[in-house]
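Look for subunit A in each of the two complexes below; its partner is subunit B in the first and subunit C in the second.
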Partner chain A sequence: MSFFNLSRRGLLKGSAALGAGLATPTIFTSSAWAQGYLNEPTGDTVTFGFNVPQTGAYADEGADELRAYELAVEHLNGGGDGGLLQTFSSKALTGAGVNGKKVAYVTGDTQTKSDAARASAKRMIESDGALMITGGSSSGVAIAVQGLCQEAGVIFMAGLTHSNDTTGKDKRRNGFRHFFNTEMSGAALGPILEANYGTDRKAYHLTADYTWGWSQEGSMKTYTEAIGWETVAAVRTPLGAGDFSQYLTPVLNSGADTLILNHYGRDMVNSLTQAVQFGMRDKVVNGKDFVIVVPLYSRLMAQGAGEAVKGIFGSTNWHWSLQDAGSQAFVKSFGQKYGFPPSQAAHTCYVQAMLYADAAQRAGTFHPCAIVEALEGYEFDGMGNGPTLYRAEDHQCFKPVLVVKGNENPTSQYDLLEVVDVTPTEKVMYPVDHPDFQGGDLGTCNAGI
Partner chain B sequence: MNAKASSRNDLYLILGFIVAVALGPIIMTPFGGYPDLLQKFAIFGIFAIGFNILFGLTGYLSFGHAAFLGAGSYAAVWCFKLVGMNVLPAIISAMIVGGLFSALIGFVSLRRSGIYFSILTLAFAQMCYNLAYSVLGQPGMNLTNGETGLQLKLDDPRYFGESASESGTIPPTSMFGIEMKQIHEFDLFGMTVQVSNGYFVCALFVILAFYVSMRIFRSPFGMMLRAVKTNQNRMSYTGLNTRPYALAAFVISGMYAGLAGGLMSAMDPLAGAERMQWTASGEVVLMTILGGAGTLIGPIIGAGVIKYLENIFSSFNDQVMTGFFDFLPDWLGSAMVWITSPFVGEGWHLTLGVIFMLIVIFLPGGLMEGFARIGRLFRGSRKRGEGAADAPRVPAE
Partner chain C sequence: MDQILLQILNGLDKGSAYALIALGLTLIFGTLGVVNFAHGALFMLGAFCTVSLNKLLTMEQVVLDETRMTAWGTPMEIRTPFVEAWFGEFGTTLVEYAVPLSILVAIPVMLLVGVTMERGLIKHFYKRPHAEQILVTFGLAIVLQEIIKAWFGANPIPQSEPDALGGMLDFGAAIGMTEGTITYPAWRLVYFLFAGVVITGVFCFLQFTTFGMVVRAGMADRETVGLLGINIDKRFTFMFGLAAVVAGLAGVMYTPILSPDYHLGMDFLVLSFVVVVVGGMGSLGGAVMAGFLLGILQSFTAMKRPAIFPDAADRTVGEDILNVWYTILEYLPGIDQIIIYLAAVVVLLVRPRGLMGRKGVMET
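Moving on to the complex of A and B:
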């Protein structure tokens, strides 16, 4: 075998290539270092990067997120009816762009894969000069892209991400989350479940086998056991299983009288529909009606599951039927543009884009560290969730949580969830050193230079 | 074909390759190239070169090569977590882990050939994927961090480096102080060319990988591998045990995959389980066949085409397309946007599928066969009448 013999020519070639490679960086002037911060806008526009799933299991949510972002850009640039700018407690934004610059945007497809999401975020930062990345419909992706934005030195405004880790052990100084998390879901659902189903229940968990599922299962266990429920078993199901019958059959034989489905998206649609088809809800176990709980609900999922959601409890970040001025303004401008009400994913994404723009306007610059400072500890209202605080210690928004129930008598194809209770902020607020949020460190802000 | 002429051709080939790699950032800038994309070209080029050593030479179609890429990525990130932020130990450990995985999987899978071999490798890779996705990502024994992917943290020990930089952030990956992610800009012909330090490292490795692959193709060992492809039974009847050769090719290509995975982590320190998914294994098969299996340069071109489609075509939305057809009259412009829009943006897979179909039907030898045909067309018209009989054609390499 002769291929490891290094000839004189080969050596010369190799060293020439190596020399060229080592010398090249020093012969260029690197202008990136002269800037105050990465991608500082010099023209009359500022670019936002909208990174949403356009293909894969969460494509429906991604499409709705993108609609919301386009609406937000329109409102920021003075188009449309101004949407939430009218009701937002901060009056810094007037619809004349941000810091005197028009808002432009680029889009990317996360494919709900960490790698693809990072690649598309990188393209938007390196090639398109995006100053802020936002979006996503999965916690894994949100955490991965948040890490990238921290390293690159741009701001990340998380979209739909519900796992504790996003603002727990994987929190970053450059990343912010408006959406609620599994801890808040558990805290809000606990009292409602107690009031409706009593304190003597045996719960069986089916959990999507990934970060978010574990987080959701943990929180639900904590809060159901606190009201006296017993956890019979917690079974992990692979993501995107499609057929859940093999996981549902053992439930009835286990003696459990409550099924908690820690599933989201298509998984939840499939598992819930199959559970109902199995006739579980007609069973009587331990002298009680068998019940199902879905901790994280969304309207898009309820639409997918159809009849099966009727009377089933869950929690949600926002719902279009809320009657406050902010929610109504948002539903109105979204409905006028697209012809149907927005989902909670659309709402959180719209609000995140607005909050970033507002922070930049208040800070008078797009410097990431100035924006971090403007958002940390910021209190605002009029965005559809009532008074909200962006906690400085973990960059998590604290606001009331909605407990919803599948509507028994829907009046339209969008009227699928009914708001049962609005759990006030004090009830869902947890201390920064909560054990489920341990092990992370915000670090320092990075401006990318 | 005498040996001297052949080695001179090889010299031109490698010199041309070095020039192309060195000028890559400048060539790609007008086409929307940016540092991360160029790094991807080089990294997936390495992956495809390695795959081609197995598939192109021995004909064993592995459907599980992504497992080695993923294993290499995880190894490199663990190296960043435990050892330090220098990329060299990370890349070396990625190659070792890629090699170990491929030796293990290859030893079992190579007992069968043809479709059974493909299915075995696919099964092993899918097993690795599921292990990484959930079993090894559980809070108890967390090797892979599951769906989120393995990331660096501020409190990683990094025994031979610093846990956090002075400013309190995670230190960037570097090679003896040269930061991988640092981007240089310079103006040339009125356009701004961006190059990152990471690209130079990737470029160095892709040139090295190409050179080694060329030497393997030209060596007696390479000849033996081709013989395995041509007629394995006959080889066995002559009393030769072919399995060690096939296994060696499998391990070498596994190490290439590990190297690619290590470089990926070095450029962007995160390792996700989806790198091991069967779609990722299928992608490298596509790259190799698209470019031309069994040719030296083909797989790299195939990797470039696919990564370009994935990253650039997928970013075209209706806005961009409208701007593109601006010069046409309004009605024709919007008609063109309507026709082309299913093929760009999220529809880039459709474009890839059409291209792949056309190539498999009309150019079974991949893009390289297309180039060879065009080349022969020109040479043929020049040499016609001189009576130069076609020399026995060497496959387009």
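Moving on to the complex of A and C:
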């Protein structure tokens, strides 16, 4: 028989054997995800897209996020001291890149505007080949970019976004949030407010008029009314109002003895400073000291408000003064590289980049659906927040929440917030069918092809 | 009554800033015919004169304390401001009074900025359409704010008023009411008085000096004044500088009220234009009056019915009127956010030249 005298049966057998041989590496590494996906990396690098506010009101926060991402990339590629890779409970990442590829990145500017954020994310996906988008400092932006990533077929690892809606009615299968939300802030703050200010209070809310503000106001009302407080009024203020005096003067004669500022960023800095100027911290109403509450704190904002933050309660996702091994490792890496401690925005962004890389490494592929599978229901520790769960049903991380107070006697320019309580996860965890999180559907994973 | 007085005070305080910015804006339009969209940026630059002086006064000597370490393992920095180390208590007082002291810095700086801006850029656009003037000055405003952001960052930088001028003032007691009925932040009243002094100063300068008389003549008929052999251009350049100084001073004194950041000017720009349009383009009195009126209007539309409000049978006439007002506001949620623009629409429809505008200006 000549070598070229092949029978039909022989040809079929040979083809099957050759096909199986060629497919072997993929079959063994990603059994169910062999059909390809958008921006599948072909070279020796994999590209992450860091979409942060580089201009606009949150540019300083965005700059801190970018620093954290650069640090994460350095650690993933084996540079520096390894940061949280040393303390992360998963040992899949070794500092040799992800799935044998070095991590590269591109950046975009969200400008804290939904349309600009979507445009920059689109550019990074379509032109730069980014297969994961992460970052942001606003819930409006996070929800808009999460929707885009779902449509495009890449993973979105949200940055600083605190509205319930991100993992509530606007949740998406391709999107994940490590940061806490307004429901958790309310649940953590409620008992602390009760312990410090009692059950007989009249609260006046000033609320930023957009998705996060509404969400925060709703959660604070729920938890303060549950401890017996009465809501006197809830007034919506335009985003970036600047001078809040016209909203503060009605508070003075409203009969309220508590002011809850559902503001963040510049709004929080300005409304808090002005409320203190209007003597609200020195007033006595209904026989009680007038108090101010800022449900969501950030060290960068506290810096802007200066002396006004002293003694005022709020909540935060993470703080650099935490003493667990993960937090200390991150503060050390970040502080040595940049000369100051990281913000909570920097922390959540660093952790999100690490969690994505870890999920890809564990899945053995960058296929979005494999990563979704690796992150859903994933439990981890050593990232600065204690034991944490990425709940499968809504892609929300559940972990302890910090209640903080403006430091009365700061020892340095960064020592502005004092952690007064770490509320355990079980106290801030809510059921999947919680009414404030209804109306959305994760849908199905989209790989973009 | 106390609520009404409180809202009036608030309106006057807000109106002070609107009036000061609008005064400079209308001064530029009245003299040079230029629609200056960079005027808000001048307000912001004034505020950053305070930030700069404060930074200068609080420059610190840094000594490393090797015995104490930061959380990231480097020696702790011990910082002491130079002025306090050199001048002791006098140095501390200097730092405390940084905001009022900034006036002395802002006057020459803003005059220089204004004159440079007019000579270097604006003068090339005198004979160009208003649309081009708006584009170029708006572009300039963006450039200025990006420069400030690059130097000072994007976050607000808090500035404090001196302790002696801070705290709350019992305004009620001062006008014979029960003590503690109407208290208001002292610095905001200082700002109102300061605005009054600046506005009076500008009016007196224009009304009672030869220079001012020539400028007014030039505003009325530039060509004829030129034919009399007077170099009106030089005087108008100075007026541009003066308008920049007024905007800058407004910004300096506003810093304890609103922590300055690079975007501060844009927050006030559109509002100030509305004030100028309502008052009448080129009318100084109109700008001031509209500034205060719109401030008060904005303040009144933000009122809220207090939790404890007398029942119908126990109300006075004043409280009855207030009750009607609260009811109207309850049917118009968020009206405070648009009231200034609504007022502008009404004024433009009914009286296109503005409340005190000259006949023929903005009417065609």
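Things worth noting here:
The rule we apply is simple: the second predicted complex is superposed on the first by the 414 of 449 C-alpha atoms of A that agree within 3 Å, B and C clash if a C-alpha of one lies under 4 Å from a C-alpha of the other, contacts with A are read in each partner's own complex, and residues count from 1 in each chain.
Keep this in mind: a residue touches a chain if its C-beta (ideal position, glycine included) is under 8 Å from a C-beta of that chain, and two chains touch if they have at least 3 such contacts.
On a predicted model such as this, the values are computed, not experimentally measured, just so you know.
With both structures placed on the common chain, the touch criterion links A:211 to subunit B but leaves subunit C unconnected. Touch criterion met: A:239 reaches subunit B, while subunit C stays clear of it.
Using the contact criterion defined above for the overlaid structures, shared-chain residue A:305 touches subunit C, although it does not reach subunit B. Contacts of A:127 after superposition on the shared chain: subunit B is touched, whereas subunit C is not. After overlaying the two complexes on the shared chain, residue contacts for A:354 are found with neither subunit B nor subunit C.
Annotation: subunit A residues 55, 209, 236, 238 touch subunit B in one complex and subunit C in the other. By the touch rule above, subunit A contacts subunit C in their complex via residues 55-60, 202, 209, 230, 232-233, 235-236, 238, 240, 242-243, 245-247, 249-250, 252-256, 266, 269-270, 273-274, 277-279, 282, 300-301, 303-308, 320-321, 328, 331-336, 339, 341, 412. Residue ranges on subunit A touching subunit B, taken from their complex, read 1-4, 9-10, 13-14, 17-18, 20-22, 24-25, 28-32, 54-55, 106-109, 113-116, 118-120, 122-123, 126-127, 138-140, 143-144, 147-148, 150-152, 165, 170, 209-212, 214, 236, 238-239, 439, 441, 443-444, 446. Within the complex, the subunit C residues that touch subunit A are 2-3, 6-7, 10, 13-14, 17, 70-74, 76, 149, 153-158, 160, 166-168, 183-185, 187-188, 256-259, 261, 263-264, 267-268, 298-299, 302-304, 306-308, 333-334, 336-337. Across the complex, subunit A is touched by residues 11, 14-15, 18, 22, 32, 34-37, 40, 130, 133-134, 137-139, 146-149, 151-155, 164, 167-170, 172, 178, 181-186, 194-195, 197, 200-201, 203-204, 207-208, 211-212, 215-216, 218-221, 268-270, 272, 274-275, 311, 314-315, 317, 345-346, 349 of subunit B.
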